[in-house]
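Heads up, the next two complexes both have chain A, just with different partners, chain B and then chain C.
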Partner chain A sequence: MNMIDQYEDKLPKSIIAKLRENIPKGTSDSKIKQILENTVKEYNEARVEAGECVGVISAESIGEPGTQMTLNTFHFAGVAEMNVTMGLPRIIEILDGRENLQTPMMEIYLKKPYSEGKNIRDLALSIKETTLKEIAFEFLLNMAQGVIEIKLNSEKMKELGITDVFLSKAISSQIKGYSTRTTKDSLILMSKGKEESLNEIYRNKEKIKDMYIKGVKGISQVLPVKRLDEYIIITAGSNLVEILQLPEVDKERTITNNIFEIANVLGVEAARQAIINEVFKVIESQGLNVDMRHIMLVADIICSSGLVKGITRYGVVSEKSSVLARASFETPIKHIINAALVGEVDYLNSVVENVMLNQPIPAGTGLPNLVTKVKK
Partner chain B sequence: MTKKKINIQHHILIPKHIKLSEKEKETLLDKYNITLQQLPKILKNDSAIQNLDVKPEDVIKIIRKSPTAGESIFYRVVTNV
Partner chain C sequence: MAEVYLNSKFVGTIENPTEFTNHVKEERRKGGITDNLNVFYDEKAEIVQIECLRGRARRPLIVVKDGHPLLTEKHIKQLEKNEIVWSDLIKQGVIEYLDAGEEENTFVAFFEKDLTPEHTHLEITPLAMLGLATSLVPYSNFNQSTRLNAGSKNQKQALGFYISNYAVRMDMDVNLLHSPQIPVVQSIMHGISDYEKHPAGQNIVVAIMSYKGYNMEDAILLNKGSIDRGLGRSSYFRPSVAEELRYAGGLIDQISIPDKDVKGYKSEHDYRHLEEDGIIYPEAKVDEGDVVIGKTSPPRFLSSLEEYSLASSTRRESSVGMRHGENGVADFVLITENEEGNKLIQVRVRDQRVPEIGDKFTSRHGQKGVVGLILPLADMPFTASGIVPDLIFSPHGIPSRMTISHLIELVAGKVGSLSSRYINGTTFDAEPEEKLRKELLSLGFRENGVETLYNGQTGEQFQAKIYVGNMYYLKLKHMVANKIHSRARGPIQLLTRQPTEGRAKEGGLRLGEMEKDTFVAHGASLLLKERFDSDRTVVPVCESCGIIAVMDEFKDKSYCPICGDNTEISNIEISYAFKLMLDEFKSLGIYPKLQLESKY
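For the complex of A and B:
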């Protein structure tokens, strides 16, 4: 079996592992060598040739099954009452590199003992963002005195573990110019100093309705679920930075479906992996069959500049050095005029511009050039 | 986004990042006959390389887990923003 070790730099790890598994014990060394030589030969023949237009192949391979995809934006992903963008809209969302998703989502894994279901409901509730209007029955305005009275739902407050003191502190830190006072099951905000106009009081009332009180900002819905042997929390809305700081959360497996957030918090490489996972998840859920390698290529392109750049005229395409290549994608006139203004030079190093000029393209058999040695 | 210190090195999405020495860098560029600018980039303030003590023009070797090849190796050059 030592023979196989010598081939570690000639064959990928997965093939080596398969060979190790499948060559029966007691095979003679010469036979193993023959097997290995043949494997290397087959492997090299199966590889993509240098200069092959892999991008075009990827585009066709993802595009064609894409036409079969449902246009359904919403679909119930098996979990009760939680919408998830799926199908074509989701693919477009990922590949365009959009920062604001239609349905941001997180899967929060927990450390033991929480993953076994301990206090799972309370924990989930404590993560959810609570705004003032959720714990209030009604908001009353006293125009004459410039007073806003908030009737509180004390039952709900108890459930969420919010005390009067905590509440008035949270509110007074976020709104200036009001003094807070608590009475039995209501909170009174009184305007300090000068009399405010009716409009302003009304505007403040609307503002405090959406005031953040407790929980993690951005998490609008929580749902504890049992997946395999452990309990996890699925959320609508996403805030990876904050969630990862909670002590109960498993920092190694918790993920979000927002690629940008992943790039910010975990780096480009993590974002690349997330793109692959997310796109593949959609394609799989639609019952389509696209080779992983095509998606990997797309993810590599999106992440090649160190940032997540969508495949749009503002993202990847704007990085191209050739004017003609950029102009051939979208908004040609803008690009040509700008290039003319600054006197841009096109070195015709890539494919599109050479197609336009009816020249051999630097791909496939057009890639190699003749080089002669000049005699001195 | 406010950046607070979180240790994220062991997250499942993050593959292993290794900084190449100057010598390894040379051999890499020689092997593929390329310049540094032709490598894919990684930002200097990328979260995954914060504890590697990197400066611009360093090359980072990334060992990814790949469903097709088992393990695949990728290189990125560190750039300023």
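For the complex of A and C:
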């Protein structure tokens, strides 16, 4: 087994670990050596050649089937399902690195016994963000007294488990200068101290309509679903930080489709994996076949700076070292002017610039150079 | 109670809408109100819409009362005797035009035998649903609608006898089919539209079989023998125009054979067809580049010349020649004056177009295809009776397109040709297929239209029975002779030094951004460079200031316009487009400094 250690510089750690695991004990040294030699050979053969244009190949491999992608998603009538952006719009969303998604979504996995369906409905409802207008019938403005009266929907409140006391506390903590008073079926807000203008009170009335009362902020819809043999909660809207803090939630499997949230909460490595999963999900759902490694490369590029940066002129492309390469992508004038202002130097190290100058590109057959000593 | 809208504007309400609309219609039929007006009562919305604006699509229908059409035998007899015309029937309220709205309130019978007391209108003919070109497709009610669209579109591109005074016209870019025929399988629209006065196709023998892959992907095979006898032959006309323009200073263009000292003189050979007046003689055979009308223009920038030059100012050559890739025969020469009184010369060049590989042909059913091979007559398959098809059509074009009419026309054409009569193939009103089959059987053929064919090259009998018959085929105006294009070296653009674009300018075929990416993906670095070498230039660059230097060819020495003679200057190879970009930067006030470095 010591023989394996000698190969540590020839093989990656993960393969060495697998070898250690899988070679049965008592295998003769000559056999192990044979195995290792063959592994090294296979590994080197599988590696990409130096100078291979993996980026262009990835782009073509994703772009070509991408032309066949349908713009609109299929909907299945009658199935409890939420509207999720899929297809080309979703791919563009991910690769552009947009922070505000069209349809943010979470899949919340639960710990036992909740995953078996215990109180699943109540749990789901408690996660959902409730605003004041959802539990109110009407917002009345008494102009004479400068008082806002909120007619409450007590049935709905009972369903969501909101008491009068809880409600008045929640409101008074968020809006200052008002005293709260509850009567039967309604809540009255009265301006404290000096008289406020009517305009001010009206504005406040509109403001409190969207006031947060209960639940997790950002979760606008919840849907308990049975997946395989366990219950999970699918949500529209996403808030990974707060959901992960809930005791009922299985922190290891719960996931959001918002890559930025993942990057903030779990780190950039997790974000990279999330990009791969999300892109692959879309490609798979369209019945297309793209090799995972192409997507991995794209994800690597997006995450390589340690932050999630989209493939746009503000993201990855702005990081290119060559002025000409940046200018050839989008907004050329901006890049040329800025480069001229600071006297930027273009070392002509990548592909596009060399195509522009009609020089051999430093890739493929253009990469190797002949080095000779010149006799003096 | 219903709201009334006149041309979509609210005008009031009405108590009894049904009675109202009926009354309006009654009055219109009597002639009390204009027949341009349509009323529509929308029961659900309780709205009466009255429309009389222009731009509505309307169609004529026979009015029906109590299950009986108002158009009677008497009317038809009168029509036949020319005692009344169409507009009389409208005045009498026998026929009325409905728009899309009023149609909603009607119940239209397709045929007279379908009439019930509930019906309000009767279709004049089912063919009235279709447009002119579409109603020329025989048996089209057996087809998918998309094929009808394709079929009628194709007919509009067919070559034919477009006008009978073509010989004295100067139409731009027109084609004329030699010996056009009227179809054997017709619809009544062929009669109505006087199709025999401007036919656009030929009746030919078609065999449906594949032939060694030469009719893959909708290609067709033609019989060389048929072509030699005039199948699909056409003439292409294009006029050239020249005008004696007047310029400031009393100068004028001159139509004549240019003198040899004229600036831009081509070569004597190019002017060989011109007569003394500088115009080509009729029936001269012209090739590309040959001059059709010789013309010279006064020199440009006259004022500056007059002051300095002592020699007589040289005139410019501005003859009108044949375009690149075009040839033919001078057909007709016209010498006139235009509105300004300038001398105007028009020369029409005619080119005979014999079908060749790549020309486009179609039946009337959207079954277009290009010629894939022209077979010698001797090699064509033949039937037991010695009939040789003019055209071989691939059977693979049929299943996916489902053009049943194509197949029926083939049988119908066969029956018509054998019994020497025209077959009525009008949509919804055609001679039934069963009848055609029976007649074909009585003529001594298999009733399903197939025949035993023999291989023209070996004489062997084909195992499969081949579907052979007569069809009306059209030659379409897309001919290879107008489209063929290739280039190795050729003209370049002045600004970028890159090849020109387009066939007319003998341009190159662009290797675009995405095509470039495929070279990159293969890592074919040097091949990529070579492909983009079209605007390659070698420029001297000053090593100290990094600006493109000047090469003085007389002194065989290069110098820098900024640093002078005493500086290191090296030649570099770049694309001219990049040099142009550097120049544009300089014009913007940006200093693009090139730092040179040895590659090795």
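Please note the rule applied: the second predicted complex is superposed on the first by the 316 of 376 C-alpha atoms of A that agree within 3 Å, B and C clash if a C-alpha of one lies under 4 Å from a C-alpha of the other, contacts with A are read in each partner's own complex, and residues count from 1 in each chain.
Note that contacts are C-beta pairs under 8 Å (C-beta built on N, C-alpha and C of every residue); 3 or more make two chains touch, one makes a residue touch a chain.
The structure presented is a predicted model; accordingly, all values stated were derived computationally and were not measured.
Asker: Please work out whether A:M356 is in contact with chain B alone, chain C alone, both, or neither, and reply first, second, both or neither.
Answerer: second
Asker: When the two structures are overlaid on chain A, which partner does A:E60 contact: first (chain B), second (chain C), both, or neither?
Answerer: Second partner only, chain C.
Asker: One more residue to check, A:G366. First (chain B), second (chain C), both or neither?
Answerer: After superposing on A, A:G366 lies in contact with chain C but is clear of chain B.
Asker: Taking the superposition as given, does A:E269 touch the first partner, chain B, the second, chain C, both, or neither?
Answerer: A:E269 contacts chain B only, not chain C.
Asker: Check whether A:R293 is in contact with chain B, with chain C, with both or with neither, and answer first, second, both or neither.
Answerer: first
Asker: So in the superposed three-chain picture, is A:M143 touching just chain B, just chain C, both, or none of them (first/second/both/neither)?
Answerer: After superposing on A, A:M143 lies clear of both chain B and chain C.
Asker: Given the complex with chain A, which residues does chain C contribute to the contact?
Answerer: For this pair, the touching residues of chain C are 516-518, 520-526, 528-529, 532-533, 535-536, 573-575, 577-578, 581, 585, 590-591, 595, 600.
Asker: Under the definition above, what is the set of chain B residues touching chain A in their complex?
Answerer: Interface residues on chain B, with respect to chain A: 1-4, 6-8, 10-15, 17, 40-43, 46-49, 62, 64, 66-72, 76, 79.
Asker: Within the complex, which stretch of chain A touches chain C?
Answerer: Residues 51-53, 56-57, 59-60, 336-337, 340, 345, 351, 355-367, 370, 372 of chain A touch chain C in their complex.
Asker: Show me the residue ranges of chain A that touch chain B in the complex, using the header's touch definition.
Answerer: Per the stated touch rule, the residues are 12-17, 241, 244-245, 251-253, 255, 262, 264-270, 273-274, 292-293, 296, 300, 303-307.
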